[in-house]
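Pasting the structures in now, so scroll down.
Here come two complexes built around chain A, the first alongside chain B, the second alongside chain C.
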Partner chain A sequence: MSLLKLVHRNLWRHPVRTSLTFAFSALALFLFVFLTSVVTTLAAATKASATNRIAVQSAASLYVYMPESYRAKIEQVPGVESTCPWVWFGGYYQDPSNFFAQFAVDLATHLDQYPEAEVDPAQRAELLADRQGCLVGDELADKFGWKVGDKIPILSNIYTVEGGKAWEFTLRATYHSRKPNIDNKTMFFHWDYLKEMRKALRAQGFEASGQDVGVWMTKVKDGFDPDAVIAAIDALFEAGPQRTRTQTEAAFQAQFASMLGNVPTFLGWIGGAVLFAIFFSVMNTAGMAGRERSRDAGILKALGFKDRLAGGMLLLESMAVVGVGGVTGAVSAWLAAPAFRDQFAQFLPNYFVGTPTLLLGIAIALFIGFAGGLYPAARLTRLRTVTVLRQEA
Partner chain B sequence: MRLVPLRYTTRSLVVRWSPSLFSALGIGLTVAVLGGVLALREGFSALLADTGTDDVAVYLRPGAQSEGESLVRYPVDTNILKTRPEVALDANGTPLAAAESYLGLKLERTNGTGTTIVTVRGVEIPTSMAIQGARWRVVEGRGPLPGTNEVVVGRPLTSRIKDTSIGSTLTFNVTPFQVVGIFENDGAYASEIWGDVDRICAALERPFRQRLVAKLKPGTDVAAIAAELESDKRVPVKVQTEKAYFAAQTTALGGVLAFLAGILTSLMGAAAVLGAVNTMLAAVGARTREVGILMTVGYRRFPVFFCFLVEAAIIGLAGGVLGALLVLPFNGLQTSTTNWNTFTEIAFAFRVTPKIVLTSISVALVLGILGGTVPAWRASRLVPTAALRRL
Partner chain C sequence: MATAPDVLARMRGITKVYSRGGQEVRVLDGLDLDVGAGELLALMGPSGSGKSTILNLLGGLDRPDAGTIEVGDTEITKLSSDALAGWRARHVGFVFQAFNLIPVLTALENVELPLLLTPLGKKQRREHAEYALQLVGLTDRMDHRPKQLSGGQEQRVAIARAIATDPTMVLADEPTGDLDRASADAVLDILSRLVAEHGKTVAMVTHDPAAARRATRTLHLEKGVLVEQGTTGPA
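Then we have the complex of A and B:
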């Protein structure tokens, strides 16, 4: 009988215990991978940001907008290739709980600036030709079952129409982003259409003139230093009317992640506590198995096998159960990612489980199986054959 | 029917101290996580939900979820709203109603980690303060004078935000404002900066207001007014009591915390039950002969079952106490997060209330008992002769 077969037999000596340890490890690793993914998702948008895009915002507030006249001024700054207005629309589809982001942008410039968001060329042409056309992420279209050509009514809390009517958009194109700096759950529409909506609102005294654009997303020409362009833009508006604060796309994304405050730190602590809990439990289980295995170990030694064999087999057993459990848990977390992404729509529309996180989870499971089994295995190795065989007989 | 003496159980726990301790630790860590998440949620809801009163009303633009996206025209709409019949009057017959501006401004943190978003509220002096009454008070320096570029700063901000001590200057866009005092508020206004509404709106070029806030006459039916004003032809507005407004704000973060707390505790709880079952099963397995002896000396099935269940319950209880001890140091720990409705930073503290401690310990006890039931039942089903014969 090969030794591996003995390990296998030993594993199923207590089927209930082995199954429980397996389930326990799976749960713990599921949690660990989930928590780690929340934290990495937060950082991912920042990491994936392009180095040649910079964002111009009001220095005072996210809610203070800049005049439209800034566009021509920004475009004259040396090193600026193009600049695109972004305005937050703050709307929803049918019910306020159906949250997703909508932005009014200059679509032609926007699509040029974001090559990572792929759009079918024929759809792109139709989108640009239709004033009320809109572009939505493929995941968003799937979620609500929208097809190209559908009319989409959106209600806005900011741009309210008299009588509470919805703004109507026509879905002309969908995009799929390959990078996490743009999620696939956002809607973009024509900035010209928004300007038309605003005319009526401004006539009624809602909205001030000159409060036009929230962010100028600006592309820097190849060969120019983004930091120099940033400094030049901010210097241009130092005296007002609205002072600006320009940041790289990465810093711009990071300011939203930093709004979660200490939450990522707490998640880290919880993840750590989970790992500690599973470590104790594995050590406990391996310890119990080790105590029961004392006589077996004695017999193996008496038969002439090396001292280390029994301990080694115990270690292998522990690693196998925790490892298989861990892989199951980690992979389940990976499979459950799309479901979580829906739960987190407002906070982490990008939630994903990355391969490094998955591998880390598996490695940690194997390590815990190893570390937890180490002490019981060492005890088994140190046992004196004669003493053990004499016991309990 | 005689029960197995409790001393047997306690001594057995002491003799097998290492598996007992590890099981207790596993359960303890689980309830510590539960307690921690609950304390976080408690602190957050205490900040907003318990604040605001029913005798103050908040008027926002219809559809607005928060002040951040609300807009009330000034002075057209605000003047009409101030003369509403439900608004209480002061001793001189002036309405106790104020049109306020609200803006999240980017200000520098003191610890050098960049900017954060702080609420700057433009208020009518002294009406806004009169509406808040004793809940809002200047504790250092003095209040801002009307018509000046003076501001007062909420106490929690002074340690976190640069240039917020008395005598320093804060610049809003391009206009400097002087800090002349520090205030305290028992509720949601604690982490704000207050100044004259006209001066602040001029500095930020905002010709409108975000809300009208008014003291209500006693016995006002807010629901009836809300229904009436929702469809008002001249000034359609959304009216809520201040309390209802803040309660609605908690759902923004409360939802995510509730979801996190739910999944964390159910998964960790399940894991802890598995761990406890495992330990207790092994404990029974290792003591098969002991059980045989217990039965041979005359103990019935139920006392044996009960004895092992008590053992599991004690482990659970010990874990609960351990978990509670782990969570207690977090009480009062300050943290901050963002109100996702307004994108402003709010500071709050973990609150480990007696209720949370009790919940943690009870959950631990339940986890222990759940984990002990199957093994205890298994022990009670053993056949004495077979048990004695086994190793």
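Then we have the complex of A and C:
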């Protein structure tokens, strides 16, 4: 017999109530950790962006293309080290549900601009030598079981071939990015191969994109102020034919988050509301338990236990149910991160649950258990033994 | 003043005032009372006469508005709340009319509960609790929870819990109030044996004349004042 045994027995006095409180706490903290992680994932990509890379897009919209001739002009701007075309391919593997991002890029320039995406040197050479070769993030390759040398058929919603024929690529290299600004679930292929596709489609009577490039990812030379380079590029195209909007990579990444409008803020509010709900629920449950334990508290005090013991035991109960439930929910959200990453590959390919978010969730769970049980516990502590035993007699 | 030969507890000039419905009710007014060591004291009187208040004050569950209470060498009215709790754990065992057992614990665990406040180890605590249950004749019910026991058995478990720590005094508030005659007699037998065979001091509040007849001394209270005292018979 120990007081912990008494706490344990009290916990299971109302098994349904305890189970529901546990489940609600787990669900609330699961949601909190998940929603917070969505926000932190969006922020992490922006934070990890390089300071020496800038993105040039059409001033009208990200979906309006710019002429290929811009490349030479951008490269003439003082401070520009290199510029690389990025064109969205909009394809999928075998089935539309297997959607992932593909970009046509100048692979040699791209690999130089993104040293954080590590590629085996031998594979890199193979990749650059093969016109149909493609570079794939290691997580994407793992997901579909692709190996270097495999033929990968991709159907595009933009570059559609008559008869539903797929474009064929050969996997020549995989990369692994060490930073969240570039995910490991994207496919890159030769810009020249895309130009051939467009040519072939035009010959067949299809209308391929009239203009050419979605984004010019541009690297700034060391010692040059990116803001000055940005201003110079936009000034260069002030008169058209397409005015440009140039921004740092961080701002470019951030605009994808801002496309979601106030969603991150709403997610924060929802997470907060869930925590408030669980807090009041715990307070209510602990209040009910406290009222039921009044007589027991009186008995314990009559036996010689100190006034604060009964309150302390109630507090422990509250922290045990909500704490264990909350920790279960937070850890479940952490364990479910890979599944979520697959589920939201299109929107949040880099979704992750950070250790600070996990620890924050656990700390919040314990705090809610403590704070929710505090008032009922204080009430139990203050109860006059004589009064409670007389009332309960 | 109500006196006893070998005094264990002394109450002097005790006044206790309760506030009921916004009005002050003087339950005890300058009461003097001695409780003798090894006596079975019965406190009788109508409801509201202050019997239970005396018991609560003697056991340190409540504090007087005026006056002093000494038990042995300790003036308990001067003790802090924590010190009083510690004193209560060592010197007082309570038996209540409503039994007041913890419903989620077995009979054995209920009896073991006050022993958690002693320096005894786990094994010794269990032995003490089993011995206390043996004294009240309930060794065969030690793994039962209160709901699985009759009222008389519950009260016997409560007595076992009260004596488990070998306290100086056992204070019983209407111990037979909720029991049938046979169960009440069994409980009174145990309380009498505690006094006669184990030298315990028992103070008991009761409305039951049969219980009072078991007492070595009976005090009658009316409106907080001792109006009669008599020695009835041996415990």
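One rule holds in what follows: the second predicted complex is superposed on the first by the 350 of 393 C-alpha atoms of A that agree within 3 Å, B and C clash if a C-alpha of one lies under 4 Å from a C-alpha of the other, contacts with A are read in each partner's own complex, and residues count from 1 in each chain.
By definition in this document, contacts are C-beta pairs under 8 Å (C-beta built on N, C-alpha and C of every residue); 3 or more make two chains touch, one makes a residue touch a chain.
All of these numbers come straight from a predicted model, not from anything done at the bench.
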item	value
Touched partner set for A:240, first chain B, second chain C, both or neither	first
First (chain B), second (chain C), both or neither touched by A:288	first
First (chain B), second (chain C), both or neither touched by A:303	second
First (chain B), second (chain C), both or neither touched by A:61	first
First (chain B), second (chain C), both or neither touched by A:253	neither
Comparing the two partners chain B and chain C, which touches a greater set of residues in chain A	B
Which superposed partner A:280 touches (first chain B, second chain C, both, neither)	first
Chain B versus chain C as contact partner of A:23, first or second or both or neither	first
Residues of chain A that lie at the interface with chain B and also at the interface with chain C	295, 392
Parts of chain A lying in touch with chain C, wherever the complex brings them together	1-3, 5-6, 9-10, 13, 295-296, 298-307, 384-386, 389-390, 392-393
Contact set on chain C toward chain A in their complex	52, 56, 59, 61-62, 81-82, 85-90, 92, 94, 96-98, 100-105, 108-109, 112-114, 116-117, 122, 125-126, 161
Interfacial residue positions of chain B with respect to chain A in the complex	18-19, 22-23, 25-26, 29-30, 32-33, 36-37, 40, 61-65, 68-69, 71, 73, 76, 103-106, 113-117, 172-174, 204-208, 256, 259, 263-264, 267-268, 270-272, 274-275, 277-279, 281-282, 285-286, 335-338, 340, 343, 345, 391
Residue ranges of chain A in contact with chain B within the complex	14, 16-17, 20-21, 23-24, 27-28, 30-31, 34, 58-64, 90, 96, 155, 157-158, 160, 164, 205-208, 210-211, 239-243, 245, 255, 258-263, 266, 269-270, 273-274, 276-278, 280-281, 283-285, 287-288, 291-292, 295, 343-344, 346-347, 392
